[in-house]
Amino acid sequence: MNMYLHELKSLRKSAFIWTCVLIALAALYLSIYPSMASDAADFKKLLSGYPASVRAMLGINLDYITSFLGFYSMIFSFIILCGAIQAMNLGVSILSKESRERTADFLLVKPVSRSAIVSAKLLAAFTAILVTYIVFFAVTSIMANTIKISDYNGKLFFMINLTMFFIQLIFLAIGMFVSVFFNKIKSVLPISLGVVIGLYMIGAVLATGKDDDLARFLSPFKYFDITYIIKNANYEPRYIICSIVIILVAVVSTYIIYIKKDIHAVS
Amino acid sequence: MNIFLRELKANRKALIIWSVCMFLLVLSGMAKYTAYSSGATADVFDKMPYTLKALLGIGSFDVTTISGFFAFLVPYLVLSTAIHAALLGSGIIAKEERDKTIEFLMVKPMSRNSVVTSKLLAALVNIVIINLVTLFSSIVMVAAYNKGKDITSEVVMFLLSMFIIQLIFLSLGTLISAFMKNPKSSGSLATGILLGTYVISKITDLTDRVNVLNVFSPFKYFSYQDIVNGNGLSLSIVISSILLVVAFFVLTYLFYQKRDLNL
Amino acid sequence: MGVIEIKNLTKHYGKARGIIDVNLEVEQGEVFGFIGPNGAGKSTTIRTILGLIYPTSGTSTIFGKNCIEYPEVRKELGYLPSEVFYYDNMRVINLLKYSASFYKKDCTKRISELADIMELDLKKKIDDLSFGNKKKVGIVQGLLHEPKLIILDEPTSGLDPLMQQRFFELIGDENKRGATVFFSSHILSEVQKMCNRVAFIKEGKIIKLEKMSTLQENNYKRISLETKAEITKEAFNISGVSDFGVKGKTVNFIFKGNINTIMKKISELELSNISIEEPDLEEIFMHYYEKEN
């Protein structure tokens, strides 16, 4: 419990900054919704005249682009990207911190098992992400309500936003695994930025091309197709399963590797 | 000379990885051109409202032509190399304090300025290599997919503007690390500023009213529309950008010389 | 059952040699010294005892239990590493409180007592402390929970002479209260003063394990002679003589064995001066530090 509180305290500042960043981004994009909505209404009429392949290629679903939820789904991808960077950064840094800052000799000699240490840190990181998400969702909901033109489905809005939380959990788990897998981590930022942006680009480039279902598995950003969510008020089961599998495998591997690892004096 | 060579060697692995990624990015981006250039889509893009196009990143380009499409692809290339430059710049200065090698290096019979110079030169070489890799990939891929007239000179213009933006973020990165004592926060601050300017560029994409903000976003210094039209780069912008880069570099030297080094 | 028991402990770092077949037993209440040249394997041994690294083969237990399988045994363990690093932006008192929170006992009184003895300012930020002062934080941190086993890795490096003295008094007091102390050091005079037993490790192997009293009493004598005529090395080629040095007419060496044999030899010589002393630990061990030719 003491470790959990200690870790939580050290994460306080960055969680606060990230929450503000995410909220600011949402505010920014939401502010242009009103003008965009009126423009798009006209365009919607035009699009209906074109073949389905064209519409699919552009990744725009006809009925929803002009609705608030459709608009939100388009801008949300960038916000998810930032949330993923936060989670990945957190995951990579929280365990490697003991090695990078050489405090391992202090902590690992205490009468606590290594798995207790991993649990405390994992829980603290999870809490940080959860709090960031809850605050973000609350504030964004208020903002959305303020600028809305017509009522939107609250449940769907919640489900769309929840996808960011899922993606953050995936990157948190991947981050922790990466940090114990590699022996020497000198700088967290290049790794987390690289992995996240890399996977994002893979998602952006691969999945819009052929709508290949298999390709979607390569990038966590593509696990939650918002048009599907809006249409079916549900997530696609196999991607949910895939996410859970990734998280479980990553977390369990993290425990196993960290428990078995030699902790050297100066890394 | 020894520091220069050492830095080149230390950054070798990252450079190779980034170069491969840039190549793949160009490859996969250009591969989508055929989808975009099919006849039916031309009209769709024509009639699409401005804000919608801006959201998609298309803006006012005619993405059915190869130069318009490449102009649409360029911001992604620029963002990637800008991140590389910012991380490289802030990292190469901050690493001595981060890795605790500062006591080793700074008592050698070399002035701090010469240390900075060697590091900057090494960083510059990295930037140039990334740029050349991207340039080469772009020329090859554009030629592969191009059905119309040759746009190699435009591609060169685009990559030249990218080079200047790389320089801006490289120098910004070194400046931040030179100024800040804490080596950990300099990387985050540099990327934070970069992402901030990127968001600003996205906002000004969407609406014309806040164009004054463009001065804060290097991503908007060069008009890609002008390049597509064959007008090349605006000389005044190029000169002001280079002056900005020089100013940042000078400040890097000044700050690093003056401050207490963090043990 | 010893407080620390190490049986056939071996650790290889890939192809590099770590420690080979180390056997040690530290009894309750003793002060055990662990010395050896740089790179001999002292830190490797200690880190294996602590559970920071895993042995390639062999076992190591504290209070009879392997401390990785039973992390609770570390409750009675205090460790002071040779290089002390703590979390950023923490004040001394907060770090000490955080450390205390692992031991489920109220250490506040002990913290202030120790801080007083070591002259440590509890309110300061750790980042602002000098190397030696950081070391003091390490000392207080290792002792604040009144552990029954104290493991020290080069504990006095960085401390000024007064603090070194205070530190050894502290350790002496803890030992009187029943604590067992295991410490590795390069300062042989410290080891000589404090320890009941000493182990010498070289190139991964324990080459000597003896009681201090045995080392000192046991016929180790440093003999210096000044002779009237020049002496050759061969003249003293008898068993028991080691660390032999001759410079012109001055001869000195360490002798262990039947004192009569060496006295007979010396009596054959024409002497101008002689001195016979008890050698200190440094002299006994110095030649062990040298690489074998």
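Each chain carries a letter (A, B and C) given by its place in the written order, and its residues are counted from 1.
Keep in mind that, in the parts below, a residue touches a chain if its C-beta (ideal position, glycine included) is under 8 Å from a C-beta of that chain, and two chains touch if they have at least 3 such contacts.
All of these numbers come straight from a predicted model, not from anything done at the bench.
Asks: Touching subunit A and subunit C alike: which chains?
Replies: none
Asks: With centres defined from CA atoms, tell me which chain sits nearest the overall protein centre.
Replies: Most central by this criterion: A.
Asks: Using C-alpha centroids, which chain lies at the maximum separation from subunit B?
Replies: Of all chains, C has its centre farthest from that of subunit B.
Asks: Taking each chain's centre as its mean C-alpha position, how far apart are subunit A and subunit C in Å?
Replies: The separation of the two C-alpha centroids amounts to 52 Å.
Asks: Can you check how far apart subunit A and subunit B are, centre to centre, with Cα atoms defining each centre and the answer in Å?
Replies: The mean C-alpha positions of subunit A and subunit B differ by 25 Å.
Asks: Could you state the distance in Å from the CA-based centre of subunit B to that of subunit C?
Replies: About 56 Å, centre to centre.
Asks: Help me check something: in the complex, which residues belonging to subunit A touch subunit B?
Replies: 25, 28, 32, 35-36, 39-40, 42-43, 46-47, 50-51, 54, 57-58, 65, 74-75, 78, 82, 186-187, 189-190, 193-194, 197-198, 201, 205-206, 208-209
Asks: Which part of subunit A faces subunit C closely enough to touch in the complex?
Replies: Touch list, subunit A to subunit C: 2, 6, 10, 101-106, 108-114, 116, 260, 262-266.
Asks: In their complex, what parts of subunit C are in touch with subunit A?
Replies: So the residues of subunit C touching subunit A come out as 43, 47, 50-54, 68, 71-75, 77, 79, 81, 83, 85-88, 98-99, 101-103, 141.
Asks: Touching subunit A in the complex: which residues of subunit B?
Replies: Going through subunit B, the ones touching subunit A are 14, 17, 21, 25, 28-29, 31-32, 35, 40-41, 43-44, 47-52, 55-56, 76, 80, 83, 87, 91, 95, 98-99, 187-188, 191, 195, 199, 202-203, 206-207.
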